[in-house]
């Protein structure tokens, strides 16, 4: 019965990437939770909700993240 | 002082249904919290926030929910 | 697929009251979500998690709640 | 490593006020967390996410907040 | 800057399993978020918090989960 | 009506520091929310809940935080 909540910056994930993230994260959690039973036992009881947060609503170190800051992190 | 948070799929509730949900859930929680005092004592101190989540952001068993899945559950 | 989260002050609910709260809140939410289908369609897909918060961790108006404040509210 | 989450009513804060809120809240939290070290040690590891909630999704005492209720509180 | 929150039933994970869950989930999320940059760019900025919930505080379908229910799911 | 939630590492704050954090954060949020009315208008309607998270449940970059990591950050 795990419940997973993932907050990400809005606009950084496509619908396909969100689906991939839901699948990979849920499978990893279910596999560990189910042990030594197979992950399929827990998988149907595992939820994952993604929340997309506007850049100007996400502060790090007291400052809202900007696309430039994210770019610098990714390419730094 | 209860704080209630309800995540639902976006588009499944009208404004009237959201108001009804807020009222019924808050009253049930306040009534139990206030015992043996009447629920009116706690009611003004009870908050309920509804969050509406896009279908593609809500995964069950590793897959994002679709309107078709919801329909199948409701009519199954 | 509603997910309900209820924060309450620690020590204010017995195990029986927590079970009653889970049942009544989940049924109210499922009934409204399922409409016009019966609530039983959504009920198995409805989760409710209660979080119990220490008095000293819950601030109202800038001050941590005390048992005396709660008593005054309930008996006021 | 504090993580701060602030839910506010949608439309009540400008982008500048959100930035100010993120800065002041994060600095206050980091300063207390870092003691007796300076707040700068913890600040880069402090996150603050603002969530803006529609009036009709925020219930107090069982009723969704309205702009009129908020106005009455502010001017009362 | 993803923030991951995982609620699990208390007592179902060892410290080693929690560490494994944190690592695998964070890496999956960071890898997808960072694309086409390598996951190492986002990894240091990715947080994952596990919350352990008492069985009697987690309701499914209106009833608190019991160890027997979990056992039935795992061995069913 | 702001609702503030602060997750911190367990054991890093005394009861007095938690009270100070609640007060300072709530006042900062209320002052900005209330503008141009005085913060006292919103303060009674402002809640702040602190959640204390075990070190082994808080992952950064895929690894659970340790007291040694925190010490290195504070004294680094």
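Per-chain residue numbering starts at 1, and chain names A, B, C, D, E and F are given in the order in which the chains are listed.
The definition used in the following text is that a residue touches a chain if its C-beta (ideal position, glycine included) is under 8 Å from a C-beta of that chain, and two chains touch if they have at least 3 such contacts.
Everything numeric here is computed off the predicted structure, so don't read it as measured data.
Taking the definition of touch as given, a chain qualifies here only if it contacts subunit C and subunit F alike; those chains are B, E. Number of steps on the shortest path from subunit C to subunit E, with steps defined by chain touch: 1. More than half of the contact pairs of C-F, counted by residue number, reappear in one of C-E, D-E or A-C; that pair is C-E.
Of all chains, the one whose Cα centroid sits at the greatest distance from that of subunit B is F.
Farthest chain from subunit C (centres taken as the mean of C-alpha atoms): A.
Subunit E and subunit F have CA centres that are 23 Å apart. Separating the centre of subunit A from that of subunit E, both taken as means of CA atoms, is a distance of 11 Å.
In subunit F, the residues that reach two or more other chains under the touch definition are 1, 3, 7, 45, 47, 49, 58, 60. Under the contact rule stated at the top, the pairs of chains that touch are A-B, A-C, A-D, A-E, B-C, B-D, B-F, C-E, C-F, D-E, D-F, E-F.
Residue ranges on subunit F touching subunit B, taken from their complex, read 1, 3, 47, 49.
Those residues of subunit A that touch subunit D in the shared complex are 7, 53, 56-64. Considering their complex, residues 1-9, 12-13, 17, 20-21, 24-25, 28-29, 32-35, 37, 41-42, 45, 58, 60, 65, 70, 73-76 of subunit B touch subunit C. On subunit B, the positions that touch subunit D within their shared complex are 15, 18-19, 22-23, 26-27, 30, 43-52.
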